[in-house]
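One chain, chain A, appears in both complexes that follow, with chain B as partner in the first and chain C in the second.
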Partner chain A sequence: MSHRPRRAQWLLRIFFGLFALVLTDLPQSALAVPSFARQTGLACEACHTVFPQLTPFGRVFKASGYTLFNTQKVTDIDRSKQSTLSLSDLPPISAMIMAGTSDAEKANDPNSSKVSTDFPQQASLFYAGRISDNMGAYFQLTYDDQSGSIGIDNTDIRFAEVANVDGHNVIYGISLNNNPTVQDLWNSTPAWGQPFINSPTGQSPAIPGAQIEGALAQVVAGLTAYTYIDNSLYIEAGVYRSALQGASVADNGNTTNNIISGVAPYWRAAYEFDWGKNSWEFGTFGISAPLENPTTPAGNAINNSLQNAATDRFLDVGLDSQYQFIDDENQISIDARWTHENQNLEASYLAGFATNRTDNFDSANATVSYYWHRKVGASLGLFTVSGSNDPLYLGTISGNSNSSWGMAEIDYLPWLNVKLGLQYTAFMRFDGASSNYDGLGRNASDNNLLYGYLWLAF
Partner chain B sequence: MKHRLVAILVAGACLAASLAFAEDNAAQKAAEAKATTTCQDCHGPKGDSMVATFPRLNGQQADYIAAQLKNFRDHSRSDPHAQAYMWGMASQLDDSIIAELGKYYAAQTATQAQSGGDLAAEGKKIYLNGAPAQNVPACATCHGVQAEGNSIMPRLAGQHADYLKKQLEAFRSTLRENDIMHANTKDMNDSQIEALVSFLAND
Partner chain C sequence: MMAGGAAALAATIAATPAEADKMSQKGALYQETPKNGQQCDGCALFKAPASCTIVDGTISPTGWCRFFSKKS
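Up next is the complex of A and B:
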């Protein structure tokens, strides 16, 4: 504990050092904007309160298939004067770099360092913009320094139309994507939910979230159809199948795990009220995911032939809500989500990897963030996960993964596309206990983490 | 020979007129399509915006809308919201679509002011008679007795209160550059702005 003041000073020095570096080394004329802004001619603030949080207009832009453009384009028509080509004159390419440094209260294990610096933590290349008059894509290729590899990150390819039906603005379309809720319009659903960035070295509970809260990200392909009426009512339904990276279900099936059996139905419904400078959304989302050859949080795995694979079934039902107040001076966002997961663990139970045939799991979080002039901001968040007692399945000493933690963050944006942040995460409970949760004397608070980061998008 | 010449001239005039009509018709359709999709996202159906960030355009003067769109397009209007939103939106509009957008919104039913109470009564006095002590002339001289506007002078009646307030403050500080409106507002105090807005707005 005596190291804390020195550590805080050290991290503050780095934080302000990075800040000074940005201020001095980046010329003002190099004000960089990502490809959506270049395509539309709109500044970041049109679509974001502060990136990546969307404004009501940002939601419309996304639902419309990223197709709005205000630049020159290259066109072609056929003999019947139908458009056959409509390319932007500039390719919608963007880049993003995240760098961070973390200092944990206590090292994760006796042989490791409690301090970690990641540069870049992530480096991404995007194709983000229109493909044709009705098609657009958000495609992200990411280098991740923890794995040292480049992989497909979030992807959302859309076809969308806008129609005026009896004075009602009706947007409808199809999304082909690789992460349930990555196509969603609000920041209260998992893929774009809080925290927007965190340390790659932070500890996670045995079950950090329901299946829809990240476990299926980038290992599935989903086709969903949606409509967004009068910028208020949103309805979406579709199905997901497994689409692994670096492996295939077509070969060596008994070495692949957590493969969706058939298809996983997905649904989403939401309603947004807009008044004055305020907007308030509430909604529901969910997925039913039967997973063949499941793995367990304890680290066990069933490796059968996929021809007759044993299956655990997960049903996720979520409720979410988002409130925003946006004006030129003040931007307030409140995001909240509760997800309940019904876990039918028949396969794991019969394999001796679960104590119970069925378990339940719940996760809930709420975050409040405030920005002043989109320049200086602070966020406070509370997160909890809880569920059934199942020592075999979870592999925790307590038999459950009940955890709760809080997060506080301050941000500074010298420009709208440059964010510097300092984030502190404090665990009150971890894997079912506040002290000695691993039986080796480690306390929940030993996972507390101070994290400073630089996030650039250009 | 003379008859043939007249016939050719008449036919030519008819052809030119029909081509011009077709062009106008195409511009009108393009403008309506833009108004009922892209513009509607912020300015609401038929220009009746629900959000104070974006001004109501229903019943606005066609010439004023056209003039502002051209100012956005050539960047001669450069207040922060103009840059953030409208520079991009107006960049690819041609004069014919701009003119038709103006006509489209001018033809929509205007929102009426919802003035009432003491503050609005104070605002009405300033609007109709000015405030000589602060060198504020009568707004009605240019904007009309009913605040309905006139040509490039915008309609003010029924606008969002927050939008009107921000524009008056922006003229006063020259954040929105307009020599006439700066002269008219530079000595205006906050309570006078509040009173005017109370008289004119509908929120």
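Up next is the complex of A and C:
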């Protein structure tokens, strides 16, 4: 009896203690990639609303080749006083860990668990910082718990210069990267777009996105040239070639798949308006990717000689837009993207893996997110994919992969480099149907998923 | 000859020890006048009376550079 009031007092103290922890300004000293923060001497909010979303200043930092610095460095000059070395005194090394647990509405198959825990879901090491006065790199090495292996993740090595041209501030440079749009400055394009994190065990439609929305990530090498004028107009163009990891097109090329024939041209143009605490960007992006020895969403693969392989040609054209409101108390972001893909499936059709010679595919999404003091936030996103009916190519009962889903998330950041999130995904339609989409009685809502995660960088 | 060569090599290899440094005014496209209504004393990186967190040298409150970041 006498213990109850004391226990209640302790519970109240713990509750208010945690509440105070949420409201108090704790030391905040890191960035999405903390080595950038160590290099610039600036806290996270200079470059991010909440990681990984960039602010206008973050976009300038990235376009400038990650070279801005504000720390001690080691330098050298040659006999003509030209700089030959400009190394940061601190090695630009960072680490990142993601961990999570997922609970699906229904297990993916009768023999599996509906609950899955991933620790670490992903663990990464970064070299992220300046290399010289005009060069910098974002290089990520990642352990993935689903494959149980370590591999190259997103990489962006840049050369950048700046000039005053007739009163205009002109940044120009070159990016060598391995994922189309990983070099982009806005969070409305695929590589850094919403959702920033999701469960590795969640179900995806037959075609979750266009080629530029992840299919080419980390299996290509691209060289692009860009300019960013008056921190508003951005223009970029370049080409990508296949650069496989763990396989080679130089030996036994017929065992490799989805190899870009020649080069895949890439383009990007965007314009950002800035006024007061607001910014609004709209733009276009795209890639034309002819793929030799393609695989199909149904799981079929062509394995011919790369010397005379037929190709499936994908032309992706995207539109994107991003709005941001940023002040000390409130941070609002709206990211939207629509991508249309024209699929010329000549190779798959001739191999008997496609019903049609040409198909179309569209994906669209929009997410609005709000953060209070960069500490507590919520986001709501809607996603949809749709396309042609092609039973052979897609391998779905309905013959298409039309799907739509919503995603709601709440986040808490005790520190700017630590994020705790709870995310719920609800499918309204999956692979062309809301019920019995696989012919075995599985409904779209059976793929609904509750996912809790911890994401930290240091 | 050998000693001189070795000395030259040593001078090349021995980089200048860590020095405190910031972005040069040229690299930041710094100018001593405002631009499009933006000026340094309205920037989050400006440190009164006349310096900047990231740009080297004396900074005018009415100056401007390409890293202008509006105070929130």
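One rule holds for everything that comes next: the second predicted complex is superposed on the first by the 425 of 458 C-alpha atoms of A that agree within 3 Å, B and C clash if a C-alpha of one lies under 4 Å from a C-alpha of the other, contacts with A are read in each partner's own complex, and residues count from 1 in each chain.
Just so we're on the same page, a contact is a pair of C-beta atoms (placed from the backbone, for glycine too) under 8 Å apart; a residue touches a chain by one contact, two chains touch by 3 or more.
The structure displayed is predicted, hence computed values, not measured ones.
Engineer: Label the relationship between chain B and chain C on chain A in the superposed model as either fit or clash.
Structural biologist: clash
Engineer: Could you say whether A:N108 touches chain B, chain C, both of them, or neither, answering first, second, both or neither?
Structural biologist: Neither partner.
Engineer: For A:N169, decide between first (touching chain B), second (touching chain C), both and neither.
Structural biologist: After superposing on A, A:N169 lies in contact with both chain B and chain C.
Engineer: I'd like to know which partner A:N70 touches here: chain B for first, chain C for second, both or neither.
Structural biologist: both
Engineer: Kindly classify A:T358 by the partners it touches after superposition: chain B alone (first), chain C alone (second), both, or neither?
Structural biologist: In the superposed model, A:T358 contacts neither chain B nor chain C.
Engineer: According to the stated criteria, A:D327 is in contact with first (chain B), second (chain C), both, or neither; which is it?
Structural biologist: So A:D327 meets both chain B and chain C here.
Engineer: Name the contact category of A:L85: first (chain B only), second (chain C only), both, or neither.
Structural biologist: So A:L85 only meets chain C here.
Engineer: Looking at the overlay, what does A:N300 touch: chain B (first), chain C (second), both, or neither?
Structural biologist: In the superposition, A:N300 contacts neither chain B nor chain C.
Engineer: Looking at A:A43, would you say it contacts chain B, chain C, both, or neither? Reply first, second, both or neither.
Structural biologist: In the superposed model, A:A43 contacts chain B only, not chain C.
Engineer: Among the options 9-17, 45-53 or 117-125, identify the stretch of chain B whose C-alpha atoms clash with chain C after superposing on A.
Structural biologist: 45-53
Engineer: Show which residues of chain A both chain B and chain C reach, each in its own complex.
Structural biologist: 40-42, 46, 56-57, 60, 68, 70-72, 162, 164, 169, 231, 276-277, 326-328.
Engineer: Within the complex, which stretch of chain B touches chain A?
Structural biologist: My answer: residues 36-38, 40-42, 45-46, 50-53, 80-81, 83-85, 87-89, 91-92, 162, 166, 203.
Engineer: In the complex, go through chain A and note every residue touching chain C.
Structural biologist: Contacts found on chain A: 40-42, 46, 55-57, 60, 68-76, 85, 87, 89, 133, 162, 164, 169, 171, 231, 276-277, 326-328.
Engineer: Which residues of chain C touch chain A in their complex?
Structural biologist: Interface residues on chain C, with respect to chain A: 12, 15-23, 27, 29, 44-45, 53-54, 66-67, 69-70, 72.
Engineer: Chain B touches which residues of chain A in the complex?
Structural biologist: 40-43, 45-46, 56-57, 60, 68, 70-72, 162, 164, 167-169, 230-231, 274-277, 326-328
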